[in-house]
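Right, I'll just put the structure down here and ask away after.
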Amino acid sequence: MPDLSQFLTNQLPTLVVAVIGVPVVIGLYIVGLEFLVRRLPDAVQPRARPWIWVGPALVFVTVFLVIPLISTIWISLQDKHGTAFVGLSNYLAVLSDPAVLLTIRNNLYWLVLYTFFTLLFGVMMAVLADRVPYETPVKSLIFMPMAISFVAMSVIWKFMYSYQPPGATQTGTLNFLLTSLLHIDPITWIQDQRFNNFALIAVAIWGWVGFAMVILSAALKGIPGDLLEAARVDGAGEITIFRRVIFPLLMPTVTVVATTLIIFALKAFDIVYVMTAGNFDTNILAVKMYQEYFVSADPGRSGAIAVILLVAVIPVLVFNLRQFRAQEARR
Amino acid sequence: TGGGGSTAGGKLGGTVNVLAVWSANEQDSFLAMIKPFEDQSGVKVNYESTRDINATLTTRLQAGNPPELAGIPGPGQMFDFAKAGQLKPLDNVLDMSAMSQQYAPDWVKLGQYNGKTYSIFIKTALKGLVWYNPKTFAAKGYTVPKTWADLTALQTKMKADGTAPWCIALESGTASGWPGSDWVKEIVLSQAGPTVYDSWWAGKQKWTSPEIKAAWTTWGGIVGTPGLVYGGPQFMVSTAFADGANPMYANPPKCLMHNQGSFMSDIITKANAGVTLGTDLSFFPLPDVDSKNAGAHVVAGDLFGMFKDTPQARALIKYLTTPAAQSIWVKRGGAISPNKQVALSDYPDATSKLIAEQLVGAKIARFDAGDLMPAAMSAQYFKDVLDFVQNPGKLDSILAASDAVQATAYK
Amino acid sequence: MASVTYDHVVKRYTADLTVVKDFNVEIKDKEFMVLVGPSGCGKSTALRMLAGLETITEGQIRIGDRVVNNVAAKDRDIAMVFQSYALYPHMSVYDNMAFPLQMKKLPKAEIEKRVNNASRILGLDNFLQRKPRALSGGQRQRVALGRAIVRDPQVFLLDEPLSNLDAKLRGQTRIELQKLHNDLETTFIYVTHDQVEAMTMGDRIAIMNAGILQQVGTPDDIYDHPANLFVAGFIGTPTMSFVPVTLQNGTAKASGFEVKLPKHVESAKGTLGFRPEAVTDKPSEVATLDMKVDVVERLGSDQFLYGQVGSDTITARVDPRLKVEVGDQVKLGLDTRSLHLFDAETELALL
Amino acid sequence: MASVTYDHVVKRYTADLTVVKDFNVEIKDKEFMVLVGPSGCGKSTALRMLAGLETITEGQIRIGDRVVNNVAAKDRDIAMVFQSYALYPHMSVYDNMAFPLQMKKLPKAEIEKRVNNASRILGLDNFLQRKPRALSGGQRQRVALGRAIVRDPQVFLLDEPLSNLDAKLRGQTRIELQKLHNDLETTFIYVTHDQVEAMTMGDRIAIMNAGILQQVGTPDDIYDHPANLFVAGFIGTPTMSFVPVTLQNGTAKASGFEVKLPKHVESAKGTLGFRPEAVTDKPSEVATLDMKVDVVERLGSDQFLYGQVGSDTITARVDPRLKVEVGDQVKLGLDTRSLHLFDAETELALL
Amino acid sequence: MSVMAQERIEAPAWSARWLADRLGGVALHVAVIGLTIAWMVPTLGLFVSSFRHLTDISNTGWWTALSPPFNFTVENYSKVLAQNNLGTSFLNSIMITIPATIIPAALAAFAAYAFSWMKFWGRDILFLALVGLLAVPLQLTFIPVLKMFNSVGLSGTFLGIWLAHTGYGLPFAIYLLANFFRSLPTDLFESAEMDGASTLTVFFRIVLPLSVPAIASLVIFQFLWIWNDFLVALIYLGGTPPVAPMTVTVANLVNSLGSGYHLLTAAAFLSMIVPLIVFFSLQRFFVRGILAGSVKG
């Protein structure tokens, strides 16, 4: 196999160097700097140390996220060709564009439904699977959609949502069920404005429950068993135990998952882009932002949408702050 | 010579990066096409394929590392790139006199901006072909319509016979709606004529103008009339364009005609077992709405431009214009060469030969208006199509929205 | 009604790790049973099996007449104080104690009354709104205890509930628990390492060692008539002194003294045991021990002397005001009314 | 060298929650200091401040001459047994104990020797490869203790290290700890609720209440000369009996008896205190108490009687073989050599 | 007590309570299995379709293939496997994914440790800002980053894409890990400090081993996201055969007119294999009660 021999000679060495070298470099970094910090006066140490630990991460996010973000903000204050400073007019234009307002409505659907149901099913699966002996197979099946690339995702859902006119053989699972079991007319799930946003959100939920489940499951395993025992002895049923003991203790992790999901809901892109490209009133902010940039070639407006998206995250962050101050007090 | 190219003695060597949308079998054909070039010149061609050429190319251009050569989504974008100075003029690169001999002047002109050549066509396609099953036609006693009136009569007959005449499928991912836009532009060209057509794509003819509106209305006569299109609007918007002709081969057939470009034969034969081109599948040109525009054809093609001027890039783009190069793809099927010197005998089957003849013999050839428009405009155009088939009654507001986009997109 | 029966109960963690072995005991309804034994002998495991937190490998546990092997913990109506407390970290002290009552769907007012009562008894009034995290160790233990005593279950299981409390509070709480037992008339099973608790609280004491039940009996019974060497050595502080003896003609001969036995025994060799309080500075007519003092332990109320009599080590309790120095030679009287003799091999009591 | 000084130390959690108040004590090098006090009085907090786990709100803590307020915990060279154990759950018992030694980069052989030694002392040999979760409560506590005693630090802090062990093991371990103290010659600070431990192990005892240091002194000193009512009542089990008295002409008059005081005092009112062992069934020439018995507590080695003398409640210790029933009227002798008198208001000792 | 009564007592199998318990158990299994099956349907559809001919896929529903006459084919798979470059791009994917998973996981663990167990000025704000960066749409960053890459010669290199994925992955990684690190009992840190453990030792010997479930989830997702990433690779690495990852190569199965999409069914399963292996092999780190027995109270 020519691929392999080429790989063995050209890339394998790089990979080996990377897999061995990268951890070594990272290890040397932290060990070396810790060594230096320990040479500092006692009073200085605690102030210097954290920066060594967070330093590399900060550098990375600065280069790859913060600087582009700043340049986006700057661009959002300029006109289409990046030649003139126009103040907030891009923002005004965007916010008065009915198409954008529609995307905001759709993003709200996403925010609420996607977050809620992904979390709900994620918690359910994590908690329920935890109690059956076949936990691993169940979890892997739920997780599997995550492992499917989004290109294949659109193919999968084609098999679910596809439409044939009434009377023709349905090739989509849902319409098959509708016509053969309920004897009602098939629905164009992706195009029909009554359903399509929800149909798209359902795809996202399907794909992301595995995410919520895996993380929550990791947290669930960390809940001390004696607390559950105590609750059982106190006469609590399994549902009460979940509500009163497990869930509160999972709360920090639920917050993490929910925050992540909310942010992903705000910047959702792939599913809509691939399945409807924003047509049929399904457009969402990130797709709109993309279209403004690459189709309309208007980086200014595109940037403005991006900044609006970021501002929308702030309330979530405030909630997080409260949450982990509370957690700090409890430990 | 500064231009380098294959004229220099010995091998040129080096590499050239090429970015284009062709993948799968198209990519294979392209690679086959450049293979002789690589062998002769010793230049290594790094071909890179991307579905999202717009984003990829824009990003690379703005970041300062474009590929030397790239496929350009359409003349519309070509104008933008040329205007921004990102495309390199080719007048000194290509042998312009040979070009003007071998290419129809329209094809050369379409690659120009402000009088300078910025891009070339290496393969073309013909739009407005109505695909049908000759066996069914024969069985039912239908004849191929020559005029728009024939067509409407045939439609009515078919409908009365209990089968929907048309299959129309508009779904195509991010470009959903384009098959419908083909209908509209063909009608604009053959109904209002080439002048209106040209000022329309150039942004000088309003969408709400009577001529354009009339074209939509004419199309609306088909898509808006119940029973003329299989499955109605739901089927149209929800079916992938590639699956659009499949109901023609259901048993019994669910529709009888399918208007689509020259590439469709390949898709139909692959997706429907037992369908062979010529016997089960044939085409006739979409009749012209107004007989004064008879012989009008919308064509399309793949543009190629140079973003970085290197000797290797020059050599390759020059090579791509040659009949030797283009006949390679033609022989592999799925392409029609804009180069007149590619022999008709190179086409692999009778149908494609016929299409090539149509293309060469077109009296009024106009390039795909959607590709000529700026990206924002054509995106709106496609969207209009989707809105229109679902809601033909809202034509006025749909066209008004397009006018609004037209007002900014050309700036 | 709520008697508890362990019937040939075995708990095995792995094939070769059996931590409770053929455990048989019947705890009568309303009885206060104290369970003692060395650390790691299986007390908590026995309790946890009864509570339904640990599967029962073999045998049966019955509450009343009902076999509970397969009854879910929450349906056994048992209150338990966990050795590890197992407080709900996210709930306030109040909520921790209210939780079991809420599970019973008691009215709010009733819950408040009971929790307030328990918190008063346990001195937790000032901490009701705190989270467990902000409590001292002893306060946490009291919350754990509070969570049990607010209830009115069929059986109380208390696993070392007072171990982290100071003597005074422990004394008070002990009394409160006894009151509770009298008031509620429920069955209590109480694990403790505190001899005073064991001796004073229980109707009966069960003594375990290495997963095996050694003896069950009233405190006096156990103290005065230990069934074997282990029980004798385990109960009583300081521990009973053991002296190997040879037996002849009703007399036990140790290395440094000899005593006449009150009863004839068959064996030729044995171990003689007597408690520190049987060796005092009061002269005895029967046996006088000549002790070389190794260690003097003054406890305020008592003075214990550890030393050698012949080649045997013996503990004595003398008047605390008696001045004794290490190295002194003292004469002590042995009170032969409370002598114990154990078989050298089976270690079972012979007297 | 490794003396420990608390110098006006204050610990405040929030503005109105001060848990250690103006704490001053000097623990001498190599001293074994026992710290006792009611649950929640601030013992653990005091220890944790010394260990560097809790910030010091006010004042200074010195180890030797070095002020350690700002020294990181790991640089203080202190070994500590946590009240909560804080075992490393992912490490075996062996690794838990070896961990601090590995931190010191001791040679493997040395580590093994020390861990094996500690595990032998604590009876953990059979559990070295187990994870903490598979241990009983007492076994876990022993691991926590083992993790400290393998070390050779400047100061040992032991926060109720034996509370979950059975009496016998506790006795053995106590002796081992004392041996360790003698061998290592390091400073020990030892928190306990066990009176026996407090009285026998410490060179000195420090008694805290509600964050305030009450008295520091040798065990005898504290037992015989409690500085105030709190100390008197806290030390000794059963607790000292307190009787309100009026003072006149060197005589203290209680509701049911009166005694001549050995010394003149100024006050007119006070509280008379005497320990149970001062009230016995031996007749006394000085004062005889007529008690109506309410509770009889038989401990095997002792018998305590709780009852009324006049209107005062008093505890007596009598011979365990004396047959007494609740409700009996008994005559008891008061040993006036150990009388305590406290001021009615300041509660300070007057005698 | 009569023998009969004894028997009734010893056979609780017939009590109503027993029945209720069993039903509760049954309900649990029904819920778990039901949800799992519902979740599997789309994947199952894809899986079945991956063994069908294009003509069948376009004209009938996938479930019809499950009843006779069976008409399965492995042609889709063989076509995908026969695709040029599949081997190279598979190896490229490995090449991209492994370091791009290790680096952010390691750096995130460092940062998360500081954010959860060290006190420093601006900690909370910095942390929140980091979480906020999760919301930055990646499309925005391409041009500035690519410019920078061009100027330092990183574009088109594996190193470049490792770094880029690190930058993009860190906010989530730090957020996730900090949450888990924060939930470890304080006592353990205190205990380790008393034992003389340095910051490093605490990190490597206490924090990491006790956080394996969190780290395992992070690794699973970071790996997955990079494995399935298309855009970032295309932009920074380019889609030329020597460097293109699987996603890019697989996308090339479909031509610009969309024909060949049915091959994606087979490709999806082939490209899922590695992430699933990662998922399965990390399952054993999802252990229950990792902290049990540590702290009393």
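Lettered A, B, C, D and E in written order, each chain numbered from 1.
Here is the rule we use: contacts are C-beta pairs under 8 Å (C-beta built on N, C-alpha and C of every residue); 3 or more make two chains touch, one makes a residue touch a chain.
Keep in mind the model is a prediction, meaning the values are calculated, not measured.
Under the contact definition, chain A and chain C share the contacting chains D, E. Common neighbours of chain C and chain D (chains touching each): A, E. Looking at D-E and A-D side by side, the one with more C-beta contacts is D-E. Centre-to-centre spacing of chain B and chain C amounts to 93 Å, using the average Cα coordinate of each chain. Distance from the chain A centre to the chain E centre is 12 Å, each centre being the mean of its Cα atoms.
Here the CA centre of chain C is 53 Å from the CA centre of chain E.
Chain B and chain E have centres, each the mean of its CA atoms, that are 41 Å apart. Residue positions of chain B touching 2 or more other chains, listed in rising order: 55, 173, 240, 250.
Contact of a single residue of chain E with at least two other chains is seen at positions 58-59, 139, 143, 185, 198, 251, 261, 289-292, 296-297. Annotation for chain C: residues touching 2 or more other chains are 72, 83-84, 87, 137, 141. Annotation, chain-chain contacts: A-B, A-C, A-D, A-E, B-E, C-D, C-E, D-E (touch as defined at the top). Listed in rising order, the residues of chain D touching chain C in the complex are 13, 36-40, 44-45, 83-84, 123, 134-139, 141-142, 159-160, 163-171, 193-196, 199-200, 219-220, 223-224, 233-239, 275-277, 297-302, 317, 320-321, 337. On chain A, the positions that touch chain B within their shared complex are 80, 154, 158, 162-165, 168, 188, 190-192, 273-274, 276-277, 279-280, 290-291, 293-297. Residues of chain D touching chain A in their complex: 70-72, 75. Touching chain E in their complex are the following residues of chain A: 1, 3-4, 6-7, 11, 14-15, 18-19, 22-23, 26, 30-31, 34, 38, 46-47, 49-51, 53-54, 56-58, 60-61, 63-69, 71-72, 121, 124-125, 128-129, 131-132, 136, 138-152, 155-157, 159-160, 169-173, 176, 206, 209, 211, 214-215, 217-219, 221-222, 224-226, 238, 252-253, 255-256, 259-260, 263, 266-267, 269, 286, 289-290, 293, 302-303, 306, 309-310, 312-314, 317, 320-321, 324-325, 327-328, 331.
Considering their complex, residues 51-53, 72-74, 76-80, 82, 84, 86-91, 99-100, 103-104, 131, 133, 147, 151 of chain C touch chain A.
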